[in-house]
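Below, chain A partners chain B and then partners chain C, in two separate complexes.
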Partner chain A sequence: MLLRPTIDDLRVITYNLARMLLISAAAGLVPLVWAVLTGELAPAADFLVMVGVFSLAGTAGLALKPKHDRLDWRHGMAVVALIWLVVPIIGSIPLILSGNYARWIDAFFDAVSGLTTTGLTVVQDIDHMASSMILWRHILHFLGGQGIIIAALSLFSGAGTATLYFGEGRDDRIYPSVRSTSRFIWLVAAVNGIAGVFALFLVAFLDLGFGALRSFFHAITVFMAAFDTGGFAPQSTSIQYYHSAPYELVIAVLMIAGVMSFGVHFALWRRRSVLGNLETKTILFTFAGTLILTQIGLAVAGAYGTATGLGRQTFFQVLSAHSGTGFSTIPSAELATWGGLAFGGMAIAMALGGMASSTAGGVKALRVGLTVKSIGSQIKQVLLPEGAVISDRFRQNGPRHLTEDLKQGVMAISLLYVALYIFGAGLGLVYHVPLQNALFESVSAAANVGLSVGVTAPGMPASLELTYALQMWAGRLEFISIFALIGLLWSLVRGK
Partner chain B sequence: MRPRPAPRERLYRITTGALVTIAIEFGVAILLFIGAVLIAQLVMFLAS
Partner chain C sequence: MRVVATLLAALTLLTVGATPAFAVDMVDAATLQEIPQAFSGKQIQITGELIGDYGFRDDGTVWTQLNDDPYATKPLRDGGRLSGSNIGIGVHGDAGLFENLDPPGRYDRAGPLVTVTGTWRFHDPNRSGETYLEIQTLTVDRAGVPLSQSMSTTTLIVGVLFLFAAAGVLVSARSRLG
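Let's turn to the complex of A and B:
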């Protein structure tokens, strides 16, 4: 029997939602200040409107302070699902006002894509977009990847705040308290940020001949998109714009840092080996497998004349796909011509995704490893004599046991991802998108990758655009908090 | 409960931890790139 939420339940949700809206308001001040400093006064006014709406909504929500601010699982999950909807709605205000989007739904789509660290875009003429507007799109990546919840957990403590952390699909608990864990995540981002921005700045300034301010702007935006496995780029041609191997190498390092779970970061900081972890072994194996598939496909098609060219292009594209970043060094039109095994390799890399508790999307390497391990156990059970004891142990930051509950959980989430991929591809077919392209784009949206073969473009059908936005939302939150929100809404109507 | 390390020791731990992590990330990127080029050579040889 579903229990109807009380007024106090709704107040707890609204109050916690309000705190995160105020954090988003603070984040909105960054592009506002940048716009004022660079003389972009019209965008500054747009950001002022957005910050005002965030602040107003946040302050109004704080006024509804509940008697007991204790988050239970239902509250925490609903807050997470709602914040990932409300922030793109308000965050799209400056994008709508910028005039770079034909329809309001396009601006909302880009805001969802930004926050969910996907990187698919329907912006028109980004090459002439105000720099503050470009900065805001990348800050959405940072907010989503790092993100709003982690910021809230670092600043506020309270009973039950751990539910917010788990609601975002994170399950690494590095320190005993979620607050300390959140602070460690910020520390990792800060260290990688300083090193990454400095390296990108140096390459742009010394190798590409950019001016100091331009080098810094590109460094900071590309860092946010790479480390948070987002995929927005400050130019329409993505990373191809730079035509620079050193720039690509720095981005590759940042994508690798982004795809690693914060548990792995912690282990490396403490100089502990992670090579024995099931997740590390799985991701190395799937990266090599998808890379080989893609290379065979392209070699057979004769797409590249030299092994260095083939190696460089496939390394970057497959890493971008597997990490869920979505950066590209080739045009969408060329990617659309990758058929056969090359298409298969890229699609599989996108669908599998990165490590759990990272900013990457997709099924995740740990679930893939556990699925393979449980299939192996089933086969062993059939082949070995009756009564034989089969060890279901695996290593993941220490020895662990593959329990029946864990198996069921892994299978359920993996199947939901597959269903989500098929659902989006099916809708693409309704709009006469060729099967291969429909599948590629659907997987790219649902796994929060952002690579495109040209289906996602200004003027695309609105229902397809909304479906991709829904896929990005569901894929990023790994379903559970969305089901919890639906359950809460249902209990409002039918609860006792 | 373990005592909290002195500020200087904490700074040392954070700095060395950060440097080790960045070095490993860079090393992994280089190794993967070299691996990709070597596999590409083999694949192109077999496909020719």
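Let's turn to the complex of A and C:
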């Protein structure tokens, strides 16, 4: 029987949602202070409105404190699904007030894209946009990548908070408690942040010849987009703007750090090898495969002409696609001309995505590895004599057994991703987008990549824009918490 | 035979002389992005706003970006209208060309509007596949213009009201919940 949620259930959800809105309010203070310090007073007022709305919504939610603040799975999943909708709604306030978006839906789209670390954008005249507004777009990447949820778990305690952690599509439990794990994730982000911003600053200041403040601004924004595999860039020409191989190299290292699960970070910090892990082997194999595929495609087409040109450009583009970052060193119009194998390599790289429990999107390397292993087992079963025992073991931070439940779970989520890719591509076709472009853009949105062949642009049909936003949301949360939210809403209507 | 050869040579020289050795194509950034290979190695001329940063490198050259979208002539904060995404190309030239120029365009200023002539480098093998315009000449058509955006008092008041409301709710909740 479907049970209708009680008032106390709704209060638990609202109360926990409110705590995260207050964290978002605190995050909104950063661009507000930046705007005041840099004399961008009009944007400062826009941020004040946003911080005010976050604070009001947060305190109003806190006022509804439930009798028992115990999150069960249903509550946790609903909170996660809702926070990823409410934050973009309120977070889009300064964007629409900035005057750089024609419609509210455009600002909302960019806020969803930012928070889900996708990087697709419909912003107009970003090259004259206030630096504080650009900073806010990148902070959305950081909030989404490191996780508002992770921040909440680090700061607040409460029964059942682990449901929030798992609801966000994370399953690495580095320490016994979720709170300790969350704090470790923040430590990883802080260490990478200091090293990454410093390295980017040095290259910009010493090699690119930028001034100190501009070097710092580029460093901090590019770091947040690279490490959180986001893809927003401070200038309209993305990473092509810098014309610098050393800068691209630092970004590549940060993208690799971002695509690694925090479990891998933990293992590397402890100087443990992760090369034996199924996930590591899978991602190295798929990255090499898609890179070679793309290179063959472009070499056959006669692009670049030299091995160094082909190597540098394809390495960056494929790494950006596979890690789900979405940076590019070539314009969208040129990317749209990559046909055949090059298109295949890029699309597959985007669709497969990074490691589980990282900020990358897509199907994820572990699921790909497990799917291949399952298929291999099935084939062995057919070929070997009846009654032969087949070992379904794999290595992932120690030996593990590939159970039937695990196989089914992996297959279900992988199929949902494929369905999501096809759904978005189908809607693109309705709007007369050529098949290749429709597929590319749909995969880019659903796998939270952000590379574009020009379909995502100001003035695009609102329904297509909303569909891509929905894909980004579903792809980032890996479906389950969204199904839980739908179930909760359904039980509100039909439950007893 | 010698006469024929001389006539042929003269004809060839005339033909070559009639075609300018360095014909310059006037082109816009959108075309350069759509069909970049069509202008590979050619002399082109483009007019637009210098934007972002001037990256003065140690080798005595500068890298920057040139936009020729509608915002280049009429930025949003100077009464311009929303006209889509920015369209720009990377430009590279001797530092001397960029000395004494106004700062590049950003939020608080329109960058100098310039006409540049140079060679379009598409997938330049010497720069491992980068695409950009190697400029030889630069003329300033319009100096940089400071842009300002006054703060909306209404927005400020709304923001403050929300904060006061949040504080009020918090105080009320605290007293109610003890």
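Going forward, the second predicted complex is superposed on the first by the 496 of 496 C-alpha atoms of A that agree within 3 Å, B and C clash if a C-alpha of one lies under 4 Å from a C-alpha of the other, contacts with A are read in each partner's own complex, and residues count from 1 in each chain.
Operating definition for what follows: a contact is a pair of C-beta atoms (placed from the backbone, for glycine too) under 8 Å apart; a residue touches a chain by one contact, two chains touch by 3 or more.
From a predicted model like this one, the values you see are computed outputs, not experimental measurements.
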Legend entry - Partner chain(s) touched by A:270 [first = chain B, second = chain C, both, neither]: first
Inset, instruction - Check the contacts made with chain A and report whether chain B or chain C touches more of its residues. - result: C
Inset, instruction - Once the structures are superposed on A, label A:209 by its partner contacts, choosing first (chain B), second (chain C), both or neither. - result: second
Inset, instruction - Check the residue A:385 against both partner chains and state whether it touches chain B (first), chain C (second), both, or neither. - result: neither
Inset, instruction - Pick one for A:176: touches chain B only (first), chain C only (second), both, or neither. - result: neither
Inset, instruction - Could you say whether A:65 touches chain B, chain C, both of them, or neither, answering first, second, both or neither? - result: second
Inset, instruction - Please indicate which partner A:292 is in contact with in the superposed arrangement: first for chain B, second for chain C, both, or neither. - result: first
Inset, instruction - Could you tell me if A:129 is touching chain B, chain C, both of them or neither one (first, second, both, neither)? - result: second
Legend entry - Touched partner set for A:398, first chain B, second chain C, both or neither: neither
Inset, instruction - State whether A:235 touches chain B only (first), chain C only (second), both chains, or neither. - result: second
Legend entry - Overlap of the chain B and chain C footprints on chain A, listed as residue numbers: 308, 310-312
Inset, instruction - Please name which positions on chain B make contact with chain A in the complex. - result: 14, 17-18, 20-22, 24-26, 28-30, 32-33, 35-41, 43-44, 46-47
Legend entry - List of chain A residues in touch with chain C within their complex: 39-42, 44-49, 51-53, 55-56, 58-60, 62-63, 65, 97, 99-102, 123-131, 207-211, 214, 235-237, 240-243, 245, 303-306, 308-313, 329-331, 333-334, 457-459
Legend entry - In the complex with chain B, residue positions of chain A that touch it: 187-188, 191-192, 195, 249, 252-253, 256-257, 260, 265, 268-271, 287-288, 291-292, 295-296, 299-300, 307-308, 310-312, 314-315, 318-319
Inset, instruction - Using the touch definition up top, name the residues of chain C that touch chain A in the complex. - result: 33-34, 36, 51-58, 62-63, 65, 67, 69, 71, 75-77, 80, 82-90, 92, 105-108, 110, 123-125, 127-132, 147, 149-152, 155-156, 158-163, 165-167, 169-170, 172-173, 176-177
